[in-house]
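Two complexes, one shared chain (chain A), two partners (chain B, chain C).
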Partner chain A sequence: MINFFNTYQSLLDHILVNMLLAASQYVVLRAGVFSLGSAGFAALGAYCTALLTTKLGWNPWLSVVVGMMLGTLVSALLALPLSRLRGVFQAVATLAFVQIVLSATQNWVALTNGPMGVNSIPHAAGTASLLLIVVAVVVFLVMMGRYSFGRALDVIREDETVAVSLGISVPYYHRIAFVLSGALAGLSGGLHAISSYSITPQDYGFGLLVAALAMVVLGGRTTVWGALVGALVLTSLPEVFRVFADYRAVVQGLLLMLVIIYLPRGLADTVIAHLKDRRLRRTAAPPVIAAPVGVLTAQTRSRS
Partner chain B sequence: MLMQQLLNGIVVGSVYGLFALGFTLLFGVNHIMNMAHGSVFMWGAFAGLFAVLQFDAPIYVALLIGMLAGGAVSVLLDLVAFRPLRRRGGPEFSAIVSSIGADLVLISIAQKLSNTAVMRFPFDAFPVIFFSFMGMRVQLLQLVIMALVVIMVVGLVWYLYRTSFGLRIRSVAYAEQTSRLLGINPGPVNMQVFFISGALAGMAGVLIGLVFNSVHFAMGEPLLLRAFVIIIIGGLGSIPGALIAGMVIGIVQTLSVAYISSGVAEAIVFLALFVVIVLKPTGLFGQPTAAMRVQRA
Partner chain C sequence: MSTTLVLENVTRHFGGVPAVDGVSLEVPAGQITGLIGPNGAGKTTVVNLITGILHLTQGRVLLDGQDVSKTEAPDLARAGVARTFQNIRLVPDASVLDNVLAGFHRHEKTGLWANLLGLPSARAEARQMRGGAMQLLERFGMTELAEHRAGALSYGHQRRIEMMRALASRPKVLLLDEPVAGMNDAEAESLAHIFRKVAADGVAVLLIEHNMRFVMSLCSRLYVLASGRLIAQGEPDAVGRDPVVVEAYLGA
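Then we have the complex of A and B:
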């Protein structure tokens, strides 16, 4: 057991960090904000943390907090114009943000060392502390999802007109979801920096953006469990199937296509919806009220 | 010097415009962002190069083969990645995710085939002839490229606005349900649009491969990102917008690479995109309807 743990410890750390990234992508998608900016905020958090610890000698954990605050601040600024946009426009605007951050990390050599990246960052984050942070974040997200905030996000995602008619301010909730996503991505980036010794600009480019999206699509984007499952599967898949290491991108791409076409709600969400359905059928009384139980009603009933 | 750079910018920009034209056409008709359009472009370049290297094909044959290959890959994408989603009426979000998946697959197959190597057209693939014109050095290749782009654009506009096929495409783009009622089968129309946009991308692939004399598996991604900028600045679904914005981006990029640095060029281009998208999301030539058609993710 100890042996197993030692072999896979770095993989485990990686999974935990990616879970935070997936959670960041999940928060925006749940609110119906099509943001691809998580990779950019993760880059900000990671570079902030790495530079503060290596160049100024700050305490790594303090630098992570500052990195997370930087992610929050920048996402709060971006949220103002972004909450006016919808759909594809949000996606492309956040894509542009990721590219701007990427070219800054690549070309501002005096600050970021350019393509060489930042090396010899102190390895301060152990598996236990990462696990603790992930648990805290998940508890926070689950609690928040259960109350009016989560319901407002669900309504906005499902039908914006209904949300407006219920008196829910769409730009307000879009902004909050976006800032939360920026904070989580900044945290994930900072933790990545202090758990992996070195970071390079390539770690935070288009590839990470696709990976974050893929995790949430694979797992499911209406519950936080979906993000966790997606991060777990997509991060460990290449390690478990070493045989396919050469064809890792092919497998990942095929998986994305198959899941979005045949399992559009994602792995975890499909399972959860199925369980809820069964529980409802068992508790729900005789087939007199056999009206088709829609997904939305099923969710709201089981929550109340 | 400035004039020379401007000329280079216009040539590169017109190829960008050609690529973005197919991208914007797909958005205008099918309302999807095809994230795999960059790999269609790359496969076009691969096919053209293959024809030249294996069969000593002359360059115009290679161009045709590149176009056919691009069109074929694009139609295949439609069948595999988009049609199942369309049939179910999945949201726009799922089309983007599915095409990202297809993109990963296409890129890694190309990487395997090429062994991650950067390949080149043979030196004599295209005759290197220079003209002097008002103190500028103009390559024959540059003239041919501009002529080709003009021909393709005129041909496309003629096809869209002067033939019955084009009429069908436009009516499906305007209202798919209504055209179905009027007896137009959207399936073949969509396939045509995918073929045309793929062929444009394939041609752009061979041309870019010739201009920069390098063909490699990752050549699609930077162009796709640039095409995003172009179609947003030009207005989603707008043909003149794509061409003009393509030229502008080509010129801005060439000038800032020549006078500042290539890293700054990228930042300037994406900053411009961000400003346009926040201040005027419909772009310079877009119609407001294009923005309204965009559904929620």
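Then we have the complex of A and C:
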């Protein structure tokens, strides 16, 4: 067991960090914001943390907090123009943001070391602390989804016209979702930096952007659990299929296509909906399909 | 009784084509006012203009005497204008209860952080709203279906959820866009009971319908729309006999 743990510890850490990234993508998708910015915010968080610890010798955890704050701040600024855009325009705008961050990490050599990346970052985050943070974030996101905030996000995602006609201000919720997403991605990036010794610009490129999106699509985008399952599957898959190392991307793509075709709501969401339906079938009497007209009129009469 | 909703010469052009042309009507509180007309007459456009989804090209919309022509849709909803949609628009994966709860949005007072963190104030409010929602479910005979997924229910049930969501906001003005489309007479009659009660509570109800018989039995005043213009108005019986109306509906 211990042996197993040692072998897979770095994989486990990686899964936990990616869960936070997937959570960041989940928050925006749940609100119907088509943001691809998570990779960019993760890069900001990671570089901020790495540079503060290596160049200025700051405490790693304090650096993570600052990295997360940087992600939050930048997303808050970006949210202002972004909440006026919709759908594919949001996607392109956030993609442009990722490109800007990426070229900064590659070309601003004086600050970021360029393509060499930042090395010998203190390894401060162990599996236990990462797990603790993920649990805290999940509790927060479950709470968020349970009350009026989560409900408003659902209505907005499903139909903005309905949201508006219920008095829900769409730009306001879009902005908050986007800022939360920036904070979570910044946190994920910062933790990645202090759990993996070194970071390079390639870690945060187009690959990560697609991975974040794929995790949520694979797992499901209406519950937190979807993001967690997606991160777990897509991060561990390359290890499980080590034998097919050359075909890793093919296997991953194939799996994604199968899920999209046969389980369009994602793995976790499909299972959760199925369980819920089954529980209802068992507890409740079979739903009355025809309207209970007699009962209804009797009730209305007795009230009036 | 005070008049709640007034439209004055409301006009909307789509690229030069008038979809709604010089419509004036009154929807008084405590009554059900009918707006009828053949397909494509512009009925839904009128609803969209009232709720601020579309903006007027000309004319004014008055709510309790205040000009709300330029008011944005969410602000109008918060001011007490609720609607149902002709094509059902729910969150299909959410439960019936959650769909109805969404209607309480304008009455929610707890702050963002309380809601994000699930603080006691948010929980207390959620409990209170839940109670209100359960009362609505009981009124519509759907208590047993509270936890069911909205998307999995029958058409008639989904229509009811739309109405409960609109009523949850305790509106001053309620716009019903073809609420009984696709329902049989018995189902329609059970809803008619509810609409009468809502109006009797002092809500100004505007009923947009296709089903002439349903409208006749329910409305105290009727407006008839054809090709974006009002062609007749008055007491239901008189309107029903009006040759212009008969012609618009049945052809010459």
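Just so we're on the same page, the second predicted complex is superposed on the first by the 286 of 304 C-alpha atoms of A that agree within 3 Å, B and C clash if a C-alpha of one lies under 4 Å from a C-alpha of the other, contacts with A are read in each partner's own complex, and residues count from 1 in each chain.
Everything that follows uses one rule, which is that a residue touches a chain if its C-beta (ideal position, glycine included) is under 8 Å from a C-beta of that chain, and two chains touch if they have at least 3 such contacts.
Keep in mind it's a predicted model, so treat the numbers as computed, not measured.
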Could you say whether A:146 touches chain B, chain C, both of them, or neither, answering first, second, both or neither?
second
Going by the contact rule set out at the top, does A:176 touch chain B (first), chain C (second), both, or neither?
second
Once the shared chain is lined up, is A:213 touching chain B (first), chain C (second), both, or neither of them?
first
For A:168, using the defined touch cut-off, is the partner it touches chain B, chain C, both, or neither? Pick first, second, both or neither.
second
With the two structures laid over each other on chain A, which partner does A:222 touch: chain B (first), chain C (second), both, or neither?
second
Quick one: is A:273 in contact with chain B, with chain C, with both, or with neither? Answer first, second, both or neither.
second
With the two structures laid over each other on chain A, which partner does A:120 touch: chain B (first), chain C (second), both, or neither?
neither
Touch check for A:59: first (chain B), second (chain C), both, or neither?
neither
Any idea which chain A residues touch chain C in the complex?
140, 143-144, 146-149, 151-152, 154-155, 158-159, 161-162, 164-170, 176, 222, 265, 269, 273, 276-277, 280, 284-285, 287-293, 295-297, 299-301, 303-304
How about chain A: which of its residues touch chain B in the complex?
29, 32-34, 81, 84-93, 95-97, 99-100, 103-104, 106-107, 157, 160, 206, 210, 213-214, 217, 246-250, 252-257, 260-261, 264
Counting only contacts in the complex, chain B reaches chain A at residues 33, 80-81, 84-85, 88, 90, 92-94, 96-98, 100-105, 107-109, 111-112, 221, 225, 228-229, 232, 236, 261, 263-264, 266-267, 270-271, 273-274, 277-278, 281, 291, 294-297
Within the complex, which stretch of chain C touches chain A?
51-53, 73-75, 77-78, 82-83, 85, 89-94, 98, 101-106, 108, 110, 112, 115-118, 122-123, 125-126, 138-141, 144-145, 147-149, 152-154, 156-157, 160, 165, 169, 186-187, 189-190, 193-194, 197
